[in-house]
Amino acid sequence: MKQGKTIISALQRNVITLDYIQALNQKQITALAYDLIQDKVGGLPLVSAMSEIAGSSVMLIAAELLSSFNEGQGIILGGITGVPPTKVLILGAGTVAEYAARAALGLGTEVKIFDNHIYKLRRIKEKLGYHGVYTSTIDVVTLTEALKETDVAIGAIRSDDGRSPCVVSEEMVASMKPNSVLIDVSIDQGGCFETSDITTHLKPTFRKHDVIHYCVPNVGSRAARTATTAISNIFTPILIEIESQGGIDKMLFHNSWFAKGVYTYRGGVTNDPIAKKFELPCKNLNLIIAAYL
Amino acid sequence: MKQGKTIISALQRNVITLDYIQALNQKQITALAYDLIQDKVGGLPLVSAMSEIAGSSVMLIAAELLSSFNEGQGIILGGITGVPPTKVLILGAGTVAEYAARAALGLGTEVKIFDNHIYKLRRIKEKLGYHGVYTSTIDVVTLTEALKETDVAIGAIRSDDGRSPCVVSEEMVASMKPNSVLIDVSIDQGGCFETSDITTHLKPTFRKHDVIHYCVPNVGSRAARTATTAISNIFTPILIEIESQGGIDKMLFHNSWFAKGVYTYRGGVTNDPIAKKFELPCKNLNLIIAAYL
Amino acid sequence: MKQGKTIISALQRNVITLDYIQALNQKQITALAYDLIQDKVGGLPLVSAMSEIAGSSVMLIAAELLSSFNEGQGIILGGITGVPPTKVLILGAGTVAEYAARAALGLGTEVKIFDNHIYKLRRIKEKLGYHGVYTSTIDVVTLTEALKETDVAIGAIRSDDGRSPCVVSEEMVASMKPNSVLIDVSIDQGGCFETSDITTHLKPTFRKHDVIHYCVPNVGSRAARTATTAISNIFTPILIEIESQGGIDKMLFHNSWFAKGVYTYRGGVTNDPIAKKFELPCKNLNLIIAAYL
Amino acid sequence: MKQGKTIISALQRNVITLDYIQALNQKQITALAYDLIQDKVGGLPLVSAMSEIAGSSVMLIAAELLSSFNEGQGIILGGITGVPPTKVLILGAGTVAEYAARAALGLGTEVKIFDNHIYKLRRIKEKLGYHGVYTSTIDVVTLTEALKETDVAIGAIRSDDGRSPCVVSEEMVASMKPNSVLIDVSIDQGGCFETSDITTHLKPTFRKHDVIHYCVPNVGSRAARTATTAISNIFTPILIEIESQGGIDKMLFHNSWFAKGVYTYRGGVTNDPIAKKFELPCKNLNLIIAAYL
Amino acid sequence: MKQGKTIISALQRNVITLDYIQALNQKQITALAYDLIQDKVGGLPLVSAMSEIAGSSVMLIAAELLSSFNEGQGIILGGITGVPPTKVLILGAGTVAEYAARAALGLGTEVKIFDNHIYKLRRIKEKLGYHGVYTSTIDVVTLTEALKETDVAIGAIRSDDGRSPCVVSEEMVASMKPNSVLIDVSIDQGGCFETSDITTHLKPTFRKHDVIHYCVPNVGSRAARTATTAISNIFTPILIEIESQGGIDKMLFHNSWFAKGVYTYRGGVTNDPIAKKFELPCKNLNLIIAAYL
Amino acid sequence: MKQGKTIISALQRNVITLDYIQALNQKQITALAYDLIQDKVGGLPLVSAMSEIAGSSVMLIAAELLSSFNEGQGIILGGITGVPPTKVLILGAGTVAEYAARAALGLGTEVKIFDNHIYKLRRIKEKLGYHGVYTSTIDVVTLTEALKETDVAIGAIRSDDGRSPCVVSEEMVASMKPNSVLIDVSIDQGGCFETSDITTHLKPTFRKHDVIHYCVPNVGSRAARTATTAISNIFTPILIEIESQGGIDKMLFHNSWFAKGVYTYRGGVTNDPIAKKFELPCKNLNLIIAAYL
């Protein structure tokens, strides 16, 4: 059996076009989205790795924006004896939030975490290993009060349907302190702040209501080499396993966690949301492969 | 040589009278104040032990006063997932504050510590082993803001001159939340809150500006048996050493840390502040003992 | 389609009567038990929240009962330097046990946890983040020895079948120290101590074999406001979602985690154990709703 | 008595000139160096505060220099799962080192601390509260090996005689990895690296042997507002006390910790090293004040 | 119904013979492998318990082998102030690795953990509660470098197919330091080091390339009594439940977690891998039992 | 000036003879005891280093003695889930005790620390960073009860007068569990257990009352290389400083912390206790050196 060509890339569901899908199908390409590949326990290893990097990065970016040399407040991200610690507010309780909170707590700041899922709040408390961490559901009154006192606000709510809920209104942003910092990691899903607007690494920030906004979609690219290593750590064992199993088709057939990443295969769409989006039929991957093996 | 009689008791410097001192001197009594006896590294072991008990007790008292069955706010002292943690504010950074903060952090509350001595704030941070703990100097603006949000305020500033500084004005107390709790451990030195007024274990609380005040001077007596054990732990080795050294005079002569506790000896006052208070001459203890040994 | 009436309440499976169920069915009421509603990962959010409150509360209740002013032992709940720490024994390793253990460890006591499920003991060790915590299976010899030395014993074993196992016999209670404290959180399921007997907030304790028993079923009501906030945190997002989905029927149909809470619907019982208890047929909720949508 | 004029400033011992001292003396000015003022336990409160800020800042600076957008290695300061953590090496074990190590450990990096005083290494281990932290005396072989693998090297050895020991030779710097980062906080005392050369906030870095050098003397000015608050926290209580004691002369006379800061008083030098430097007589401050009180 | 005889033992899949299986079947014996019995959440309680013991033991064995009296390096397992800590490298991230890492970190050593599954590395980081722990995927370059510096290397990779992957070549072992220690806990599955060769408690070690190899298959037997208690803790509740359910057949029928342990039942093989190994048919346990109940 | 010869060795005060001292004086030797040399803050660096090693070693020795292969109890030093942890009792609260407690807690055991000095108990609690650690004064009733349950007892009380107090009677040892382990680190000062008797590395243990006694005086020699490194770390900077100061006499004259180690100098005894022991005059070191410089 001749194997089809294979490409592996990130699946940008909001950007992808019908033309692109049709081209893939015409060329009989096996297209894998690396953000859909799962690990053996059902996690998304590449999304997790990128979220760990993004979460670890945001606090360091915040530190730069708070410093005197970036027209910031001129305060330290952390706490020194006798000076009340910097206040950090995190929207969301997933991996980005977890790593941002770890860094913030490690630097000695005060951290408040808001999310509407109690089980996520309980899980982040356990992961941070700090019983006393402030967690709250997203109650408008409590959130508004907290934002007024915040030095750094992080938006890190990821939505399953690809569109982050906008939980902070422009009015709430306007009530924040002058020179406070707002970093919206959810910007690639539209953002959690009404005032968020996509920026680039060339001009990463803008001011609105005297709040410094940082809304670069791909925070992790600041740490390009760490990201590369992380991705290679995940793909190397997969490539070795493809080799040892005798090709990608066999690999896909025997490993459903890996097959979760395929969205086109031998001329047909195999991913349900993509199929729905372009009103194409969705094929059953395993049945097709079985026919070829 | 015939040994004089010896009594050991707490020295209540504000209560003691000239008559009492004269009676001691007339009867040639060796009077030891157990709150003045030092240990070999210059600490005050009995004051420390009582402070550990008081500090550990205050948070448990606060918990009772916050509960629904004591006309309190009906909130828990601590934090459950998704509900912002109870806010505790501690004035002072000594042993009472340390143990109160330990208990509060252990229960999962948010803790703010105020003191005017940076070195004390640095020390309590190290002792609590929690880099991120909120410490602040007693700045009126910061303190007033913090009090407005506080659920439990603890007064634990001990002064060297026997009179706690009153750092919270009546106006500041009036701005606190209804049903919040105020415990003034410094009440035996006059208290740190302007509204503090001594109470008793029989009727331990009163309300002023809708803030529940608890101002019982001897907090530790709630844990009478623990206190007894602590005192006996300190005195037992001392009594054994007196025995083995051949009497209290020899013990006093050879152990200056122990002699620090003596305020009258064979008819004379040997403690400087007591002597000053009653305008009596202050004798040098060692010289007198030396004459008798 | 006209929507039926809906009531949401706690389901007290031991108390509920056939009359009540028949009345619900006659009135075509959709009855939801809030202790059966699940979250998206299969947890029971309201049971967890109430357990967190109960677990956090028991240690504070124990502290009151140990104090000199409640005819207790007059000892502190915790530890001061040089005085062996108070000993706490917890039966069970679920959420109540976890929060009770957190509070106890935070106050500086010695904690022993007994449960017959090794995986629960492993899980509580991980959650407490304290490798050295004492865990033991419920071995009669070990448990009896441990009880003899205990200052505070907590019963927190919850059974799936609604009836806690009675793991401590009257003889074992009789061997406990005079004035030790016993709090049976499992009392609403019958209790884990043979000597337990339901009490009320008005007269919360009784003495048996000189052990102070506290057996109030609803410990959390001491923190009424915290409990209210916790419940409202869980229901507010649900109510918003019902609204946005176009009514409760659609909400139930599309969200199986929420539908888990329904026990009567449009005239029929939809919860298996309830149906069995009253020998009524159990209807498939989804099939009925589908017919109405 | 008429009080002399008083100025308070930092004492830059390497910069100060004879002209300046003579001018002070001619105008009978009481000159206080705020870096010499002590607190009541013999610490240097302002030096400590500035060191806490510097130590907290260096890791944030290092993070910027490691990022892809500063021509750095493109790695994250910290660690993500499966990628070996960034390696940080700290020379010195004082307050700067302590706060740098706290931040580094909090971000999840691997930290190695080198100092020649075992008691300082023991003290920093205790303060960091992390038994397993790597400490080593400054042994050339061990240090050279460690530098080869280091991503970030911090120089933070402060010398009593005003001149930091140069413990890292140019050869050792040359053996470091390309794009590794070197921050010399000791640069105001000459620096601990042979290749260090003073830089400014305008052009803070240079490359030597492909190692990024950051040698700005006043690291803390990045956090100008935090520094201002810290200084004001220390001075406000002092100013209040001067007021309440009836002027600066009385304050100096009664508080030796405060008087430690004076280097000229009513026409004479009162600080021994300054007097020696300019071959002037050194007056006894207390004797002169006594004459005026 | 007459119950068959039952035996419970460890299933040594590599050792078991066809004769043995046939004998079991001829005698109609119900054979349970205690390493296959699950708990109610799908874990393997006996494997976990033995792994906890093995993991806790290896570091203590390593300490003996490092000491001067065992021809070791004469170094301490841990760290003292000013002496770089001992370096431990662990292959694997399961329960053995977790407990070995806990002990190693508790003793103050430096720990590096290698595994190819990122989710296992993430999980062990969470369980150890130490964000900064070194984790790496098994990259040959990184692993080789790390081994060169290691004092103690632990092999603890368990494979699902009964054969540990050999991840360290003889060449890599040869590059380790003289007198370094290598303990291969995976030896019963063939080992993770190419140089590993099974040893016994009588002569537990051998040297190859001047590296001390310890390859005793059953590490836990050093702690025979702890192991016995652990096993009895798991079986006692099971035996009680068998009794209360009315015999082993009913127990097996109603508890699938327990039935997972059965590999022969009333004359037939019921475990798939065993059946495949000997080319025997595999019977469905539940169907057979149902016929008898 | 011609420098005298210098020797540096441990001072074994109980072993040293008059002949030895006279020989030193006749040869005009400068004799330094390395256990008397201080560091700049008044600590004893070599005693501390050896105590860290001894403390870290005792738990590893205890682990060997508990294992099945040394006729021990066959239990693990530490704790596994569901099996009560091993119980360790430590007499003393100095450096040996601290490091032993760290190792024991790190391995997951239960630790009880007894000492008669409350300030030492408070200090060890702070150093261990674990608020809940069991500390007790040496009360016979409490100690006897604790010993009955102990698996491992460590004697680590060091006395200033060179003779450890014997706090555990033979009767108390006889009440310990069979096969429990007793390690007396204080044996070189006579030991803290009545049943202690010096042993050697060749035959390190004996049994009395079925308790395994380990009483080798120099525990640290198990880790000969670690000890050598530690000593060299302390002496190397001293030797460099001697060189740079122009000889040992100048070094002694200018550094009183170093001079503390000298007990004979140019024909006279300069250490007070040595002089008293042999009824020789004690010379003032500084005065003699001054005459020669």
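All chains are identified by letter, namely A, B, C, D, E and F, in their written order; residue positions are counted from 1 within each chain.
Just so it is clear, contacts are C-beta pairs under 8 Å (C-beta built on N, C-alpha and C of every residue); 3 or more make two chains touch, one makes a residue touch a chain.
Just so it is clear, the model here is predicted, and its values are computed rather than measured.
Distance from chain B peaks, on a Cα-centroid basis, for E. Of all residue numbers used where chain C meets chain E, under half belong to both copies. The two sides are thus made of different residues. Mean C-alpha positions place chain A and chain E at a centre distance of 36 Å. Measuring from the averaged C-alpha position of chain A to that of chain D gives a distance of 39 Å.
Residue positions of chain F with contacts to 2 or more other chains are 48-49, 81-83, 102, 105-106, 108, 118, 122, 126, 129, 131, 137, 233-234.
If you sketch which chains touch which, the pattern fits none of the simple shapes: not an open path, not a single ring, not a star, and not all-to-all.
Contacts between chains, counted with the stated touch criterion, involve the pairs A-B, A-C, A-D, A-E, B-C, B-D, B-F, C-E, C-F, D-E, D-F, E-F. For chain E in complex with chain D, the touching residues are 79, 81-85, 105, 108-110, 112, 118, 121-122, 125, 131-132, 134-137, 142. Those residues of chain A that touch chain C in the complex are listed here as 116-119, 122, 126, 129, 131, 137, 139.
Against chain A, in their complex, chain D makes its touches with residues 48-49, 52-53, 56-57, 60, 63-64, 66-69, 73-78, 80-83, 99, 102-103, 105-108, 201, 221-226, 229-230, 233-234.
Interface residues of chain B facing chain F in the complex, by the touch rule stated above, are 39-41, 43, 45, 48-49, 102, 106, 126-127, 129, 233-234, 236-237.
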